[in-house]
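Two complexes are shown next, each including chain A; its partner changes from chain B in the first to chain C in the second.
Entry: the complex of A and B
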């Protein structure tokens, strides 16, 4: 810590310019190289902290796409009036599909937290069928988050009916504008699955809606 | 950066009161210090103020709060015409909610709201047989069977009061559909508007021994105690919003619906009534107000 200690003036002391000049030089040096011992506790509040120093968030109040928050791919409009325009086994053949993606622009490296919340629907009529009883073929809406192409978090996902879900994870990542992918995968059809009703309409099998995401980069 | 710019004193200079005061004034540069005045590693935790990331946080127990489920609250399904009434979560007598608060959510801020609630949907009989969502499937006996594909649900959603602290002006949170849209002859909300609406299945439908695409026998199950959860994010542009209260409401029963290009959840009052209700016991509602950057 720097202190103004060059000279101590005393009574009857003659004052010369060098004495004062030395004091000022020390003080000048002190003010240009402040350290923690010269700074009071709780000195810095929100206004003094630069953006992105401690952390940065990337938020989607509702994920993008033509139909925000919903699965936008593999939708089949040939479904009955009281079903959704959603993936059916006529329009979806399996494999992972991307519901949405976003870029962690300006991620400075460190701890990354990502969460994905939404609702998922699974048609559970054919979890166990005549020719596929052992083993059965339970249906799920599998969910996973990829960051920079690497699996970040996953879960088996909702099954039978409409359910809320939340998927989240954390990890350490180097700096970079990493890509985040939100992906879903429906359980493939079994040999006996009901894929259409008596009227010939396709039967919805999977859907997700109300999806939203939050990513937090904690840089320190 | 703040630095002292006055010329150095040299021998022979007159050191008078005016000169000294001028030099001392050099040190009185309000708000002139910046990062260039600080050494590397100059700041440690004691120098950092509080609330640098998180400005406000509140949480409250939802429902009766009885984790042993000795005390329950019921929400009866809507059997009338039009929008289903939204019934606030209570402890049996009073609303369990966050507020009154007065959080100024400004541009660059985020409001994160999370809830969970232990619920159990109840029903008697086979209420779905009255539903317009009932479909006809070919069955394995070369006949047909009427059944649904499990598209009935309760909705738990969030409301807030952004008018004043009296907490009498509850509206749906930003972007959340109020489920009052007309969809053909039904009433509901678009799936695209489900920013803070979360579903609990009213019942579970499956089949046994379906074969070659033909329905075997139906197998309907009630939902057991179930942990519903939800999230809402709010990241306003200018101007910001002051939030005075947040609460959770329950309504139903809904079913899937569609127009030419949009998906909806619409009220199925045909399955509603006193024998279809949702029990809840306990949960938590949390809200956190932070800066995003």
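Entry: the complex of A and C
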């Protein structure tokens, strides 16, 4: 906050501690309470700013474990040869599973943007139950992002075939090396769903591939 | 003969009526209350709002008289403090987020320039912005934030403001004709412009959600065209304050089914009008089918949908009549803006109050709660009695104070239960709308035609309003007002100084040229001279900011212009000389004691010593002048003394090293910071015997006067009689 004269030092005036104190106090107050929005636009240039002071970006070309960009857990290696090695209803028991996680090392507090994009697949066979005996029962590859254990963004996700998806959100977070979890959840199978082929092999049900992430911290 | 001593340990404020209380003063000019001692301090002055020595008066160099000033606080913490001012009919925004110099952005031009007898514009804080009124131009709603950065701020100013309220109802919507299905289903090759054929099946075999949407009859089993469907539409605008405009005129659409057709209902299309600036949506109302062919005609209008933008012009209506919402608002729920010449505004109980201006000066209009664009047909109060037109509004605790030409009313109540108006005074009249502010412990303090008053209390809990005349002690100054120019007076309370400043036109001037300051701590007055305050407001930090009363209109080169801050800076502004800013000289501060009869006015007395209780200020000199028997010419002036402790070593002072005095501090040479000391400074004075005695200290130096003592003798000589004719 801008301050004006509190106690002016004048010729032949006392070396008054109060005079110095009053001016110093308000100057300190002004400096202490300066935030980025109050700095003049050209106060400093890029060379004077240490890396990551005002913002930091975390980005992955392709993300996640042994099979980067894909679902790593609940993979069923026994799917037929022409299918993806992907979660089947035999290998996936439900609930949220983590596709990948990463740490926002050096996040200084402020506004956070996290984006997860990739391709999702859901076997369309199960959308309409075997012989259409039951009402339609569409399946989704539900997606969500957790930051520091808190739900940050969620969407219903792809259904029936392959779709690209993009899931992103923003929020205010305190400083800290927060962990980001990219999670998926498949809709459980319904009655009379097709979960194996004629040969008795498990049929691929859910898959995600080509997943990439981007996070931007804009610090206060 | 032994001297008699009287003392004043605690000094009061100015008291002009005679005889005076001993501790009060005849004059206290350019002084304020010292926080440390409670005495009178000369540390007053004013400095530029932008104190950079390189700036001159930028960006105000060509700014003339500032007619109004407003500091808008847009966010907690003062981080969105934006300053607005009016000069020469233009409303400016001071955009400070740009370098190297801040910009004075012109927001609205060609506004009324107040005459000498007109008050400046009034500013009223509302949701996310403020309303500005001046009694001549339409009230404007300004939303100052967000404003663009360095390059685009100048281009976005037009989006910061708009007229308040709705000028008129929307024009009627324009329904498109409905083309119905022919008996033999095929393509509608005959469809032309301004027609629509959107249908929804009503048969279960056609679609799962059969019959869920669509209007009108679905079947005509006669052999001729019939089964008429008739619907009416109205539309209203929704503004960004949540207000709803008056409803548009009615538009109807009608269609008949062809012979022997069934299975389809129709979705009508209507063209809807776009609203004025500030419109964020359109609301659509519709009747049920009220054609003569229906057994249950329903011509009542009810809500069907909002178009949540001000862009789209075509709306398709698929809603069955039984899915409509609440009934339309009553016709009187929203009317065209009734106060387009409002002079004053105030928020009270979530409603925006506006006066009728010059057109209806004794009417108060009020908006719906928190919908400041929306005014009901009966949302007004006609002020009664002899009070005259509205001259100012001020929301205070549970009441809205209404200043009138010759009286004061208060409005109480709320929107739901109704507002009522009560007269507080028929004698006191405030015609200075910009000279009203709330003062802690005093209430609403305002400048009236005959003085300055405080209004305290309320109408709730058995309380009542109390009017207190605060300016009794400064009656001589009140008499100096330029009577017709009191409307130009301005006032604001400074929490930092704990004082309310009034600046008033006196001695025939047409603009404020004298400051009257009421100090809450002392419950007393001082005056300010040489402070060119044209308009005043309060900054986030509690400082008072003012706009110059002349600016660049003043004579000479590089005169003061723009905005200044009242501060302890020991300068009266400055000027630009040869492109360089030169600070003005320090104001002269004067304390003149009351006329003292020293016990008995009839007895002749001779004062020998005046002792000032001061705090040390350094090696600057002050002297005491002596006055006798109400004569305004000084009879003698004492020798000057340094404001240093007598009979003690001198305290260290700042000073030039070229010709050092012994007390000038030398850095790193044993000089230490010191603190002020409180001590008596005794001045021998010389004068003849008198009935009434007064002394005066007048200096542009810094001094703090806490109290005084006077030592005198009286031989008992008395006044015998007056002059013979």
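Throughout what follows, the second predicted complex is superposed on the first by the 167 of 220 C-alpha atoms of A that agree within 3 Å, B and C clash if a C-alpha of one lies under 4 Å from a C-alpha of the other, contacts with A are read in each partner's own complex, and residues count from 1 in each chain.
Please note the rule applied: a residue touches a chain if its C-beta (ideal position, glycine included) is under 8 Å from a C-beta of that chain, and two chains touch if they have at least 3 such contacts.
Just so it is clear, the structure is predicted and the values come from calculations on it, not from any experiment.
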| item | value |
| --- | --- |
| Partner chain in contact with A:81 - chain B first, chain C second, else both or neither | first |
| First, second, both or neither for A:18, with chain B first and chain C second | both |
| Chain B versus chain C as contact partner of A:46, first or second or both or neither | first |
| Partner chain in contact with A:7 - chain B first, chain C second, else both or neither | second |
| Chain B versus chain C as contact partner of A:103, first or second or both or neither | neither |
| Contacts of A:194 with chain B and chain C, given as first, second, both or neither | first |
| Most chain A residues touched (candidates chain B, chain C) | B |
| Chain A residues contacted in one complex by chain B, in the other by chain C | 15-18, 20, 35, 40-43 |
| Residues of chain A touching chain C in the complex | 1-18, 20, 35, 37-38, 40-43 |
| Contacting residues of chain A [partner chain B, same complex] | 15-18, 20-21, 24-25, 27-28, 31-36, 39-46, 49, 51-52, 54-57, 59-62, 67-70, 77, 79-86, 115, 117, 119, 121, 123-131, 133, 160-164, 166, 191-199, 203-204, 207, 209-210, 212, 214 |
| For the chain B and chain A complex, residues of the former touching the latter | 1-4, 6, 8-13, 15, 20, 23, 27, 33, 36-39, 41-44, 46-53, 110, 112, 131-133, 135-138, 140, 144, 147, 149-153, 156, 174-175, 184, 191-192, 194-195, 197-201, 203-216, 223, 228-235, 255-258, 261-263, 290-293 |
| Chain C to chain A touching residues, read off their complex | 36, 43, 45, 47, 51, 78-79, 97-100, 149-150, 540-541, 543, 565, 567-570, 616-620, 651-656, 665, 671-676, 702 |
